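The same chain A turns up in both complexes below, where it pairs with chain B and then with chain C.
For the complex of A and B:
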């Protein structure tokens, strides 16, 4: 256990270091963009102004000193000021993170349920299994943003009540909470659908493989020999024993899902982390990029840590060796 | 009494090629049957076929009926009502036989609640655990937390939970220690006796079969080779395969050396013929094409055997043999048989006529009275000595049995040279092979050495090699090790036994060494000169016969004058 925690901390420190240096390796600097439109350089800023601004953000110091300074202020809970938004990074991320989480969590949960259900259907009907397997193989090869664009053209453009972009209808006041939540739901519907389409196959394949594996075990035959009903065998034997790889996959998919969400948010102009990351990169907003990376890597690492914990705990309490 | 289960021409065909059966048998209530055989012979397949648990790529045909109700084509719903309640199968213990995520209590509850009211389930499962010698606390544990032996007991408890009429146990004691094993056997026998429950035990452990069942079936490659009452089958097996299994089983043969049945390449195993063809040492050419049917034995209606030759054939028979030297009867009323592929020892004190009898049986000495049959015909010793597949002898003293001035090569090749059946090249190869077989160097230098330069042990090996060139069906070895030191003796005996196991010839082993006879032979005859001969069933009992005692009267009168009496 202690080993796992140490490993977790080390991994985090390596990622943290990368987070600091990689944005600074990009060509250009934040100030060439601050007063320009879509990245075109203008000559409006004098050398003296530039120096003042660099000094203000602490970017004039040597990179090592900047790194140490960043660590110490981060440890104090200060994640700096976004150069582009002119607000504290915590504030910017705090505004956007919930929207990304809405998409991610909905995607993961519905894909998990859908994938496992499809695997169960396939278990009972051989023909359906073939059909689902082929479809899932095809879908899993298409990138999320492409599905997003297709959904935009084929659904959002055709169906009136499904909006093209955004998270809530702007400037609208809602009579009640349900009405607000419905608006949120209808806006998130297409991004989530696009994400579910590419995430479900992952869970389906994992669940199917795991269930088929369990099906080969003697205890399933033994259960049949005990005269248990098919339903009992399916849930208490096959699903119970086969679900753990799926749950592990659930937490390990957080990373892939986050990556997909960041892309899909840009397709649907959904104001989540993806949107600010895109802008952060565009304007070389080092501080903001660092913040977004930090929160994402924390999410991914924590998820894998949880997956590990579940597996370990299970093995320990049930005396399973491998 | 009504037949409990009737299996009629049950056969299973796998797409991959394995075929089981057709197998027929019937069981009465309270009867215990064992199905024995090596791994992969189809024991577990038979069990699963009986309870309809085979996977879809197995095609089952035939008929299984439980108290008159046909089982094979029942719907899954009807099967659910039969399983555990009337017929139960306890799987072979492995780490995967129980659901690793459900506690043992939970898993036995699944069975019990099918029949018993919910509030009694807990009590009943605790009773069951106590019955098989487990602490009821294990019910809260998970399969991964128990030892193999505990799981095995738990599985047996599960199988009898709903008081079925027939329980099939697949290797029920494979992971148990001796003590627990005996406890389980006693429990099963008790249940069977008191409640009339029938048990089918699937095992490769003949000792378990002996202890647990009245009847036994021997399965080989999906074919039933022999069946009968367990005691009788184990006491006098009629099929070479059964005999091979017994010879390989330590539980049945506590002091005998263990030898497995020769493994051979399965390459030209005939598809149509006898399944045991490749490993059988008494096969005929017709066995290649003709698969034997299971037939009732001539003299024993409870015994069935599937062998084209009607079981193990008798090779050498002697009836009423007598021999006199002058007026003194040396041997009288000698009756004995040697079956194909067995080692029979002839033991007795010196001067009781062991060597005389071996020379008579070997055709080197005529007897005054009696008949000797070889393969059911009056023995024509001249032909048997000169032809292959006949009878050869290894004498006590290689110094006199071998021409000391011959080279090793000539000495071994001589019988074949006389036969004129080999070309010089094949002869050379044969001698080379046989030298390797008897553990002598096959180099040119050694072959050209004179026999007289060899050591005693080497000479005896040459002697054996010479006999084996004729591929005899029967080898008579007259005290072949009496001239050797302990280590050479052990080596030579193991060599002989090994060669016998490999080539399958029968051996009549004449010795005064009862311990040696007990180690290597399947049957032992004790010879008592003119009083006749006696087959020894339990050799440990005749150890007393060989125990010498000093008779004080014999030496007292001679020594008392010369030696001082010891001071008292």
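For the complex of A and C:
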């Protein structure tokens, strides 16, 4: 357990250090971008102005001093000003993170439910199981953004009431909260669908393997011998005993899900972290990239750490039972 | 000598045949097909016709020629990234499994570190930092593909290293290279190869993802870049051009990835069964 904690802290420190140094070595200069229209380089900016701006953003100091300064201000909750958006990074991320979470959480929760139900269906009907297994194998290898593009053109471009992009209809005032939520739902529908299509197989495989494992246990045989109904065995024995690997998988999938979401957001122009990450790279907005990368890494690391904790706890309780 | 069983597996034969057919089609497209993959050879957004098999894009460049070029770009990137990951993963995983103690501890630590870092965000950041070129994409993809391989190789090594025949060989004075070559490599190599094949597929996906975000070499034609251009073309939703501009790279990508990943999966199953 101590090892896991050390790994968690070290990984975060490596990411943090990497995160600090790499944007500073990137080619290009954000100032020649900010002072121009629509991202085109201009050379109208004078040396003196450049120096003033660099001094203002603290980019003229030695790298070590910048690093220490960054750590102390980060600890105070200050992640700097976004060069492109001209707002504080925390503010920009605060606006966008909820939308990424909308996609990620709905994807993970619906994939988990769907995957577990498919595994349960497969337990009862062997033929169905073969079919689901093959389909899941094929789908699990396809990246989500390809399915997203297909949905975009085959569904969104053809069906009137499904929007092509964005998170809510712009400039529209909503009569009531339900109307607003419906608008949000219909905008997120296709991105989430694309993500669910490729995430469900992961949960299906985990659940299926775990359930088949439980089925082999003698206590299930005993339950059958006692004359419990199929239904009781399925829910009280198989699901309850076999669900933990699925829950661990839920937290382990956060990383893959985040990667998928970043791409999907760019397919549907959904204004989440993925979109600003791409924009940050395009406009060489160091500070914003740092913030987004840090937040997303922290999210993924914490999720895997929770998965480790669950596994560890499980091992302990099983040890006591034996 | 007995031939490995996977040579007789029907499904693998079919999958390899599909790849070979794709290869032949795209080799035709690159070598014999008359139109250039970087110069306009027709009007803008021409629908498929006899002269332009799959039509043209917004600049009037032939789509089929671009598609053929993209196939070799993808395969090349996949192969190179897989080769690097194969070497790195094999060597580091092997060392960690063979020498226990601090070597194992430190290599395992690095492996776990690489496994813990979320891949796409860091690849985007690095892609932006290194600048978009094929070599950089290969290096970035390879850098984030070796860790799973190393982990598997290490586990396999640890499993074998304590067996009696290795101990015997050691006690007879067999050196590191001798033992690895004669006793360990035959066991490790199949596992290593299967995972390297899987990396080819993964590398192609990752290159396409980076290219789709505009982080791959803008001058080389890749399927991800074609899709990026098509989807960012204003008004693409209101015309039919997406059918011949966007769908071909999309389906080619899907097909190629599926073939490669399924081949590695089939061989893996075959290895487990043997």
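To be clear about the criterion, the second predicted complex is superposed on the first by the 299 of 322 C-alpha atoms of A that agree within 3 Å, B and C clash if a C-alpha of one lies under 4 Å from a C-alpha of the other, contacts with A are read in each partner's own complex, and residues count from 1 in each chain.
Keep this in mind: contacts are C-beta pairs under 8 Å (C-beta built on N, C-alpha and C of every residue); 3 or more make two chains touch, one makes a residue touch a chain.
The shown structure was predicted, so the numbers you read here are calculated from the model rather than taken from an experiment.
Engineer: Quick one: chain B or chain C, who's touching more of chain A?
Structural biologist: The partner that reaches more residues of chain A in the superposed model: C.
Engineer: Regarding the shared-chain residue A:271, is it in contact with chain B (first), chain C (second), both, or neither?
Structural biologist: neither
Engineer: Go through the superposed model and pick first if A:157 touches only chain B, second if only chain C, both, or neither.
Structural biologist: second
Engineer: Counting only touches as set out at the top, which of chain B and chain C does A:217 meet: first, second, both, neither?
Structural biologist: Touch status of A:217: first partner only.
Engineer: Let me test your reading of the model: by the given contact rule, A:225 touches which partner, first (chain B), second (chain C), both or neither?
Structural biologist: The first partner, chain B, only.
Engineer: Looking at the overlay, what does A:301 touch: chain B (first), chain C (second), both, or neither?
Structural biologist: second
Engineer: Contact-wise, after the overlay, does A:58 reach chain B, chain C, both or neither (first, second, both, neither)?
Structural biologist: neither
Engineer: Would you mind writing out the residues of chain A in touch with chain B in their complex?
Structural biologist: By the definition above, chain A touches chain B via 217-219, 221-230, 232, 236-237, 240-241, 317-321.
Engineer: Where on chain A is chain C touching in the complex?
Structural biologist: Per the touch definition, chain A meets chain C at residues 7-8, 10-11, 14-15, 18-19, 22-23, 25-27, 137-138, 141-143, 145-146, 149-150, 152-153, 157, 164, 255, 258-259, 262-263, 266-267, 277-278, 281-282, 284, 289, 292-293, 296-297, 300-301, 304.
Engineer: Which residues of chain B touch chain A once you look at their complex with the stated criterion?
Structural biologist: 51, 53, 76, 79-85, 88-89, 91, 94, 96-102, 110-111, 114, 141-146, 158
Engineer: List the residues on chain C that touch chain A in their complex, please.
Structural biologist: So the residues of chain C touching chain A come out as 109, 112-113, 116-122, 124-129, 131, 201, 205, 208-209, 212-215, 227, 231, 237, 242, 246-247, 250, 253-254, 257-258, 261-262, 265.
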